[in-house]
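Alright, structures below, take your time with them.
The two complexes that follow have chain A in common; it is paired with chain B in the first and with chain C in the second.
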Partner chain A sequence: MARNNTEKNDVLSTWASMRKLASKYTTWVTFVLLILLLSILTKGAALRWQSIRNLLIQESVRAFAALGVGMIIITKGIDLSIGYVVCLCSSIAASFAQNPNYSSAIYSGHSFPLFVPILAGIVAGGLFGLFNGWLVAYGKLPPFIATLGSMSIAKGLQLIYTKAAVVGSLNQNYKNISQGSVGPLPNLIIYVIIAAIIVWVLLNHTRQGTNFYAIGGNPQAARVSGINVERDLMLVYTYAGLLYGVAGVLLSSRLGLANSLTANGMELDAIAAVTVGGVSQSGGVGTVGGMMIGVFTMGLINYGMTFLAIDSYYQQLVKGFIIIVAVFFDMKKYARRA
Partner chain B sequence: MDSYALEMLDITKRFPGVLALDNVTFRVKPGTVHALMGENGAGKSTLMKCLFGIYKEDAGTILLQGKETHFHGSADALEAGVSMIHQELSNVPERSVADNIWLGREPKNKFGLLDHKKMLQDTANLLRRVEMDVDPRQRMGGLSISKQQACEIAKAVSYDAKVVVMDEPTSSLTDNEVEHLFKIIRNLRSQNVAVIYISHKMEEIFQIADMVSVMRDGQMVGTYGVDELTNDKLISLMVGRDSTQRFPEVESRIGDVCLKVEHLSAMNPRSFQDVSFELHKGEILGVGGLVGAQRTELVEAIFGIRGIAVGRIEINGKNFSKLTPKLAIDNGLGMITEDRRGSGIFPLLNITNNTAMASLGEYRNKLKMLRHKEIEVECRRYNEALRTKTPTMETLIQNLSGGNQQKVIISRWLMTVPDILIMDEPTRGIDVGAKLEIYTIMANLVKEGKAILMVSSEMPELIGMSHRVMVLCEGKMTGILDSGDITQENIMRLATQFS
Partner chain C sequence: MKKRILVILLILAVVGGTVFAQGGKESSASGAIKMGALIRNLNEQFVKDYSENLKKLAAANGVELNLQDAQGNVATQLDQLNTLLTQGYKYFVIIPQDTSATEQMAQQIAAVGGGAAFSNIQPSVEALKVGKDFYLASSPEAVAGQYQAQIIDEYFTKYPDKAPGKVLNMLYLQGQLGHPAQVNREAGMIDELEARGYTVNFIAKDTANWTPDQAQEKMDTWLAAFRGKFNIVVAQNDGMALGAVESLITNGFTKNNADDGTILTVPVLGIDATADALNSMDQNKLYATVLQDSVGQSSTAFELMLTMAKNGTANGSTAWGLKPATKVIAEAPANDPSVIGQCYLVPFKPVTKANYKELM
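Moving on, here comes the complex of A and B:
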C-alpha cells in the first residue's frame, strides 16, 4: 500500500515537473510547434531561406517596438502611443533625407548629411518617451491614459509637420541603411540583434534593469529598498521612446517614404507579441528572448496563413484569439494566490 | 431572559504553528452592550472572523438565536441580521446615502426600474430611527466620519439587526461624535439588539458596556458584569500571565548614541507628534503601543518613507530634516517593514534577487555592470548564516514560508551592512520555532554593535528582547521604560494613558 503510494507520488511529481517545465518554456515550445506545423503543411516550402529572410525583415521593425514596450510592461506599465510615435519619428527622419531637388520636399533645396535624419528620428522618439515617462512617474497618470493622450498628440504633430502629405523621394544613402545586407544577413536583422543584446544587457546586467523588475513586481518594496521609482519609470519610457525612434528611422528607410499611415496599429502588434512571448501584464516578469520569440511567433502566424492562402480577414480573427489565449494563461499563471 | 442572541461554543482555530483560538465560548444576550477585550493578538479579531465566516473554525458551533448558523462572509451574515461596523469604512463614497444603504437590494417599481421615491422615504425613516439628521440624497463621501459610521449602523438596522459588532468604532471620532455614537448604541440596546463592542479604551468600556468578556492568548479568560470590574482589575485580566515564550540572552555592550530623534511630528496632525528619543549602539529599543498608536508611521518617517512636518533626525552625528529611503540606506539604516507582502518581498523574483535588491549599487564593476557571481556568493552567505530554508537560490520567494521570507528580507538588509536596523513587527505571521531563530539573529546583531529599533505588538517579545521600551499612545510618546521597569502593567498603563 505504502509502496503503491510512493510510486503514485513519483508519477505525479514527474508529471508536475514536466508541466512546470512546459509552462516555463511555453513560448519556445509554441514557436517550434508552429514551425513544424507550417513545414508539414507546406511540405517544407515555407522554410526556405528566402522565405525566412523575408519574414525576419518583415518583423524586424516591430521587434524594436516590442523591446521598448516589453520593458515598459515589465514595470507594470503600458504604452499605446507606439504606432503614432513611430509614425512621427519616421516622418521627421524622412524629412531630412529627401532628395534636395524634389520640389515637394519639406526642406526643398537642402541636403543634410546622413546622421541628421537618423539623429532627428531617434531624438524625437526619446523626447516623446521622456514626455510619457514624466506623465506616468511624476504626473502620476495611469500609463493607459497618459499614453492614450500622447498617442493623439503624436498623430497631430505628424499631420502638422507633414501637412498630411507623403514624405517621399528619399535619397539612396538613407534607403541603404535598411535595404543593404552583410553577407547573407540583411542589415535590419543585424540592427535587431544589436538592439536585443543592448536591452538584454540592460535588463540582466545592470542595476537599472533589475530595478525595472523590482518596480513591476512590488513598487512599495522597491521604494523601501532605496530605488528611485519615479526616476526609473521615467527612464524606462525614455529608453522605449529611443527604440521607437530607431524603428521610425528604419521603417522610412525600408519603405523609402513616410506618411500618416506608417506604423499604424504597431502598438497592438507589439503588445500582443510580447504578451505571447511571456511578458506578464501583472508586471515584474519577462525576458528579451521571450519578447523576440513573441514577435517572430506572431510574424510566423501571419506569414504562414498568407503562405497557405488563408483569407486575410481570418488572419485578423486568428490573431485576436491568440492574444486572448496568451493573456488568459498568463493571468492564470500569475494570478495572486488569494 | 435566558435566551442568547448569539452563542459561539467551543470555537477552536489553528493556524500553522499557532493555536489562535482555544475552545473559546462567547455568549451575548439581546439588549446588551457586550465589550470584547484583550491585547493585540489575543484572538478577538480571529473570533469575529470565525463568526462572519471569513475564517472557517476547526471546531465549535455558532448559534444565532438558538439556531445553528454558518455564514459565508459578511454579506451573508448581514442578511441574517449580524453586521460589522469596521474601523475602516466600506461604503461607496461617490454615491448618495440612500444608494449606499440599499445597495444591491434597491426597491423597484412596477416597471422594474428603481423606485427612488420609496428609497428616499425608507432611508429617511431609517435615519430617524437612529436619530440621524442627514439628507438621504447627500453624497456619502461628503459626510464626516462619524455620520458615515452612523449610516452604516442605519444600514445594519435596515436588515433587522440582531447582533451588531463594532470594531474600535471611536478610533477616529471626536469627543462630541463619541457621545452621539453612544446615544445610537443605547438606542440599539433599547430595541433589543445585541452590540458587541471591541475597544482598547478603558474609559469607554465603563461608560457604555453592560458585560465584558476578556480574551488572552487565544483563550477566553471570563465574562463579567461591568460593575464587578475596575480599571486595574481589567488590565490585570488582560495581561496577567507568565511569559511562556523563551528568548535568547541579549548580551551586548551599550555604546554611543547612533540615532537621535528630536521633536519629530508627522504631516498628518492625527499621526505622531513631538516624539524625541535616542538609540545607542548595541541596543534594542522596543516601541510599544496599541493599534492606532502610530508606531509604524513613526519608524517609516525615520526611514524616509513618509514625510516629516517638523523635527530633526540625527544619524551617526549627521543631521537630517528630510530623508528618502535611499539617503537612509546610504547612511547606515535598514528597514524591515510590517507588511511583508505589501512592501517587503518581490513575489515573482528569486531569493538571490530578493536578497540583493537593496545593495546592488555596491556590486558593480567599472562598466557599471552587476557582478553576478559575487552577488550570488554573498546572497548565499547571508542566507546560510540566517539558515533560510529554500530548495535553491533560484526559488521564487513567494514559494517560501513566512519565516523564511522574513529571513531573506533580513539578509537583504544585512547585506547593506547597516548600523541601525528598524524592525517593524519582526515576527508577525511566523511560527514559534522561526521566531526564536529571528530573536537569536537580533541578539547576535546587537552583540556586533548594531542598534535595533523594534516595533512590536507582542507583549512578551517587547519585554523579552528590549533593553528599553518606548511607548506611544495616540501618536504621542507617553514614556520610555528602562530595563528594570519593563512590565506588562507599565506598558499597558502608558499605552492607554489618554483613554
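Moving on, here comes the complex of A and C:
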C-alpha cells in the first residue's frame, strides 16, 4: 500500500514537473509543436534543408529588429520607428553601393569602397537610436509618442534623400554581403548568430544588461540603487538603432534595392515576434533565446501558410489571432505576479 | 496551467483547421499542372481583378494555382518565390513589386528550368534577357497617358472657350513616385498633348500614392488655394480620380447640368476603368477613364505559362489572341530589339461616354 502511494506520488510529481517545464518553456513547446504540425501536413517536405534554409534567410533581417526592440521592451519601452528607420538605413547604405554607370544613381559616376555603405547604414541607425533614446531618457517623452514622431521623421528623411525613387542597380560585392554563403550556411544566418551572442553577453554578463532588467522591472528602485537610468535608457535605444542599421544594410544587400516601402511594418512583426517569444510588455522580463524563438515561430507560421497555399486573407487572420493570444498570455502571467 | 495548454491547443487547432481546409486542394489536384502567381498587393482594385481572373482560368483549365500576395513588400515577394521554387513550382505569373527585383527573380526561376510572364509593373530588359521563356504580358503605360491626352483634346475641341489659346491649367495627381506607371503615364500624356498643340501648365502636381483618401486630401487643399485657376483635373488612376471627384463635390464645384458630360465644373480623368469609376461616369461625375485590361493581361500571362507547361516553351506562340510584338516602342522592356519577341502588348482602350456602358 505504502509502496503504491509512493509510486503514485512519483507519477504525480513527474507529471507536475513536466507541466512546470512546459509552462517555463511555453514558447519552445509551441515552436516544436508547430514544426511537428507543419511536417505532418506537408508530409515532411517542410523539413527539407532547402525549406529550413529559406526560413532562416527570410527571418534573419527581422531577427536584428527583434533583438533591438526586445532589449527596449525589457526596459519597459517600445519602438514604433523600426520599419522606417530600417528603410532609411537601407536607402542610405544602398545609395553608396549603386553601380557608378547607372544613370539614375544618387551619386552617379562615383564608386565607393565596400565599407562606406555598410558604415553609412549602421551609423545612420545608431544616430536615430541616439535621438530616440535622448527623447525618452532626457526629454521624458513616453516611448510610444517619441518613436511615433521619429517614425515619421525617418520616413520623411527617406523620401527627401531618395526623392521617393527606387535605389536600385547595386553592385555585386554589396549584394554578396547577404546573398553569399559559407559552405551550406547562408551569410545572413552567421550574422544573426553573431548578433544574438553579442546581445546575450550584453544582457547576461555585463553590468549594463543587469541594469536594463532592473530599469524595466522598477525604474524607481533602479534609480535608488544607484543606476544612471537616463544614460542606460539612451544606450539601449542606441544599441537597438545600431541593430536596425545592420538590418537596413543586410536587407538592401539581399533585395538588391531599397525603396520607400522597404521594411514597412517591420516594427509590428518584430514586436509581435518578441512578445510571442516571452518578452513581457510589462518590462524586466525576456531572454535572447525567447526573442529568437519568437522570430522563428512567426516565420514558421508565415512560411507554413505560404507553403500550404493558404489564401492570403486567412494568413492575416491567423497571424493576428496568434499575436493577440500571445499578449493575452503574457498579461495574465504577469498580472498574477504583481 | 490547464488554461494555457488549452489555449495553445486552440491556436494549433485554428492554424491546423485553416491549413487542413486549404490543404485538401493540394492533394486532390496532384498530377495537374502547377503554377505560381506572385502578386504585389491585393489592396489595389486592378490587381484584385487580375488575380480573380487568374483563379477562374486556373479552375477552368485544371491548373493547380498557388497565388501569393506580397502585401507591397519586395522582401515578402522574394520569400514567396523561394518557397514556391522549393515546392517544385516552375511556371510563374508575376505582378512584380519592383522592376529592380525582376532580374533576380528571373534568374532563380531560370535555375530550375522554369519561366515567367510579368504583368502590370514592367520587368527590366535584363530580366527578359535571362531566358527566352520570360515574357512581358502587359500594357505600355505611355499609351494610357496618350489616350488621356486624346480624350482631353476631344473635350476642348468641342468646348474651345474652356481652354482659351489651347492652354491647359491642370491639377495632376500622380501615383507612387518613381513607379514605372507614374513616370510613363505622365510622359505619354504630356508628349501627346504637346504634339496636339497644347500648352500644359501644372497649377499643382503631387503624389497621392494611388489612393483615393490621399487624393481627396490633396484636392481639398488645392481647391482652397487655386479656386478658379484651373480648367482640368487628371489623375494617374481611377482611385485617385474618384478621390478628386468627391473633393470637387464637397467643395461645391458642381453645376446644374451635365451638358458637357459631367456635373462638375471641370472634367476629371482617371485610368483603369474600375467598376467604381464606370459607376461614377454613369452618374455624370467622372468624365472619362482608360481601360487597363486586367482580364487581357492576366489571360495573356496565364496562357503563356500554360503553353510553356504543356510544350516546354511558349516562345513565339499566340496568347489570348495576341502575337508577340515585332516593333520596338519607346518604353522598357519593349524598347530592346533582342527581347521584343518576348513582349505581348495588351492594348489599353479609352473609355468615354460613347462606350462606357459596354464595360458595365
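By definition in this document, the second predicted complex is superposed on the first by the 315 of 338 C-alpha atoms of A that agree within 3 Å, B and C clash if a C-alpha of one lies under 4 Å from a C-alpha of the other, contacts with A are read in each partner's own complex, and residues count from 1 in each chain.
The rule is simple: contacts are C-beta pairs under 8 Å (C-beta built on N, C-alpha and C of every residue); 3 or more make two chains touch, one makes a residue touch a chain.
Keep in mind that this is a model prediction, so the values were computed, not measured.
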Superposed partners chain B and chain C on chain A - clash or fit: fit
First (chain B), second (chain C), both or neither touched by A:Gly226: first
Degrees between the directions from chain A toward chain B and toward chain C, using C-alpha centres, nearest 10: 130
Touching partner for A:Gly149 - first (chain B), second (chain C), both, neither: neither
Per-residue touch tally on chain A - higher for chain B or for chain C: C
Chain B versus chain C as contact partner of A:Gly217, first or second or both or neither: first
Which superposed partner A:Thr206 touches (first chain B, second chain C, both, neither): first
Touched partner set for A:Gly304, first chain B, second chain C, both or neither: second
Touching partner for A:Gly289 - first (chain B), second (chain C), both, neither: neither
Shortest span in Å between Cα atoms of chain B and of chain C, once chain A is used as the common reference: 18
Chain A-touching residues of chain C, taken from the complex the two chains share: 1, 4-5, 7-8, 10-12, 14-16, 18-20, 22-23, 25-26, 42, 66-69, 71-75, 78-80, 82-84, 86-87, 97-101, 104, 176-178, 207
Complex interface listing, chain A residues touching chain B: 201, 205-207, 210-211, 213-214, 217-218, 220-228, 280, 284-285, 334, 337
Of chain B, residues touching chain A in the complex: 303, 305, 324-326, 328-330, 335, 337, 342-349, 353, 356-358, 360-361, 364, 368-370, 372, 398, 412
Contacting residues of chain A [partner chain C, same complex]: 19, 22-23, 26, 29-30, 33-34, 37, 41, 45, 48, 50-51, 54, 57-58, 61, 163-166, 168-169, 251, 254-257, 259-265, 301-312, 314, 317-318, 321-322, 325, 328-329
